[in-house]
Amino acid sequence: MTDAAVQAALTELVIANRILAREGVIDDFGHVSVRHPTDPNLYLLSRSRSPEIVVREDIIEFTLEGEPIDQNGRPMYRERALHGAVYMARPDVRSVVHHHARAAIVFSLTGKKLKPAFHMASVIGHDVPVWDSQAEFGDTNMLIETMEQGQSMARAMGGERCVLLRGHGATCCGNTLREAVFVSIYLKENAELVLQTLPLGEPNYLTPGEIDQTRAMLFSEVPQNRTWDYRAARAGFRGL
Amino acid sequence: MTDAAVQAALTELVIANRILAREGVIDDFGHVSVRHPTDPNLYLLSRSRSPEIVVREDIIEFTLEGEPIDQNGRPMYRERALHGAVYMARPDVRSVVHHHARAAIVFSLTGKKLKPAFHMASVIGHDVPVWDSQAEFGDTNMLIETMEQGQSMARAMGGERCVLLRGHGATCCGNTLREAVFVSIYLKENAELVLQTLPLGEPNYLTPGEIDQTRAMLFSEVPQNRTWDYRAARAGFRGL
Amino acid sequence: MTDAAVQAALTELVIANRILAREGVIDDFGHVSVRHPTDPNLYLLSRSRSPEIVVREDIIEFTLEGEPIDQNGRPMYRERALHGAVYMARPDVRSVVHHHARAAIVFSLTGKKLKPAFHMASVIGHDVPVWDSQAEFGDTNMLIETMEQGQSMARAMGGERCVLLRGHGATCCGNTLREAVFVSIYLKENAELVLQTLPLGEPNYLTPGEIDQTRAMLFSEVPQNRTWDYRAARAGFRGL
Amino acid sequence: MTDAAVQAALTELVIANRILAREGVIDDFGHVSVRHPTDPNLYLLSRSRSPEIVVREDIIEFTLEGEPIDQNGRPMYRERALHGAVYMARPDVRSVVHHHARAAIVFSLTGKKLKPAFHMASVIGHDVPVWDSQAEFGDTNMLIETMEQGQSMARAMGGERCVLLRGHGATCCGNTLREAVFVSIYLKENAELVLQTLPLGEPNYLTPGEIDQTRAMLFSEVPQNRTWDYRAARAGFRGL
């Protein structure tokens, strides 16, 4: 049972890697993790490898502090701290995605706030905070490499599902792996839609009530299955 | 004969699903229906599944009220009401497409009206109305789930082939399935073209007379066959 | 010898159809013709079919007036007049492309003139005239269906290699089929580049002297072969 | 040993050609060279052929003056001077890429300076100079065909890794072939990101300290391997 749960989590995590690559959310860098299905103090994350080419053998177990349980000499992502910090701060979170989707970065570079403009984007929530590494850490290599940096970012995220990192990218999370992937895709899609709209004027965003009702509907089982099957098929996994 | 007509309709409906996915009109959500070829009080629509992966076995028969004739436990799209409401209000309509093409949504978010700027786009008609669920229903989950909502949207559509849904997407229809697919694609293409043009100034749109003459030409048999064969080939169906 | 020349022309014409589809210059509509290699009073053009799926058996011979020599019941493109009119007016022209590349259409919709902004675009020439069917023919179905319309368009084109058709598309030509394809692709590419640049200010276009020198270089044999082999490979014809 | 180094360099150079084509950095024209692994007075560059279809047998050895060692009748790129001039001026450089990425060209056409707006783009450096062939050479065919032109461009580049060529493209270099490819891709990506951002206001660029620290991190071994494996896989070389 335990073992089956781990095997299922590994399968889903590999598919999530490929989906995020296929959808242009993640390119050479960026990564996705899932909390261990039976031990909430561990999470699963690939070795240092682009999601496009991640396979099951690349997955390593980590403590929330980012220490590998079974490294076996494999190189590791440097930004493990952002995964661990979110899992520590948010018991509700079971999956974290870190990516550099260009349209999302745009909204980290000026004072313009990103808000949901269409129904699917309700999943990014009422507020998308921006975290700027300069504020607390000054000049850095822009990565989130220490637990202090990860925790600072997690504080900025608060109870939301997304946080933008100035000049860097975004971190998204979800109550399930599928949710985190879904949120990541629609953070990007919404940013692109708003960028298309702004030259015509300020868009008529979703109301707070619409965000709440639509998000609840989208996170229910049938739509989550529908989108996952679609994204998985596009990423090469048909008929799972 | 009847059976052959149904089989032909099913084949065409599966191809339409794949075309709309291939052309980026529909992604994970959105759907396309066709009126039953021999019983105008029924329509055919897939089970809840993304059009990219719909196959013949997914198609269910529905009454215009959205009740399934042969569900067999398959999950259903929640927005069946928008299909039925259009079929009820418009005896001329034999196919309905509901999609979330981004550029079309843009024109639902500000007061800017969408008008045809190039010949192919004449098929979207003289006016593309915008329906806002807020006006009549207040905060909702943005879906068209009740017949009242569907009928409200159908009233906004009036005798046109397209209606935009604020912060949500569009509903397009046609006298044939091929027309509805064609209109959906060129609603998106025209919105993208106008968005590219606006920074240079207000485009010189088609005149009313040009819209009428060009649309009549485009809905004739030879161009409809040409575009269908092309789209079907791109979607993987060559040499049909 | 004659027969070999015709066979070679047919092969190249099929490849040109596929290249224009692959590069997004032509989609469901649009077409490309080549003057008959041994009889300058004829030209070769596909039956009514999207370039993406044209095969050798689709090619029909036409008189410059657009009468088919060997129709054999095949449906024909309606806009043959634009091909014939250019061949009549321009003995130097051996190939004509008619397409609806979106970025080119943009420059037919406002008063903004399209000019070459980078070296490859020198091939569109010093001036890209815009022909508006309204001026001489009033409301039409936007197609160029009569020789009068074709000749009006050819007059607007004058001695240039491109003419934009308001709310419709563009007609491009060349001294060879490869040139006409090359010009069509870079008309689109230059329009896209200028559209990207304009928000930053008016671009520093090529000077007249740069246009002349660069165009002469690009139309020489080595660059023409290089680009053709590349485009053909992308269209599925490798190692020809 | 020597021979193995040359074989490895040839393999990597072919992959670099395909990567730059796959990523849309280079299209029909443009080229990439690498300094000879054992003789710094030579460099390796393909015959005149689009990078998309370059194979090992296309690679020619050149002196820094652009004279072929082993031409064997193969047609050559005309802009060899830009490669040689950079190798002469910059002993630290082991690879040069010349390309026409559209978004980079945009920043050669107005006075707007291109600066790094996100972490990956730190590799383009603090300053991206623009070289205009007009200043020193007046009207030309826009190519860099003489050593004088190449040296003029190299002077403009100075100690940077990128230089934009007005109305033409860009030249990028690196201490390794992988670096030069990486810089070329992120020059394009950064230009696209900044173009997306400018309508919202001037972006909050990386600080000088962030550029230095981030660039040093990105040019280290693990990230360079990660991105190379990803780009190679996308270009068709998996599991190398």
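Annotations
Labels for the chains are A, B, C and D, by order of writing; each one numbers its residues from 1.
Convention: a residue touches a chain if its C-beta (ideal position, glycine included) is under 8 Å from a C-beta of that chain, and two chains touch if they have at least 3 such contacts.
Remember, predicted model here, so these are calculated numbers, not experimental data.
Least step count on the touch graph, chain A to chain C: 2.
Because chain A and chain D share one sequence, their contact can be compared position by position; here under half of the interface residue numbers appear on both sides. Separation between the centroids of chain B and chain C, computed from CA atoms only, is 32 Å.
In whole angstrom, the spacing between the mean C-alpha positions of chain B and chain D is 46. Shared interface positions of chain B, defined as residues touching 2 or more other chains, are 199.
Shown are all chain pairs that touch, namely A-B, A-D, B-C, C-D.
Those residues of chain A whose C-beta lies close enough to touch chain B in the complex are 117-120, 122, 189, 192-193, 196-197, 199-207, 209-210, 213-214, 216-217, 222-223, 226-227, 229-231, 233-234, 238.
Contact residues on chain D toward chain C in their complex (touch as defined above): 27-29, 48-50, 52-53, 75, 78, 100, 102-103, 105-112, 134, 138-143, 166-169, 195, 198-199.
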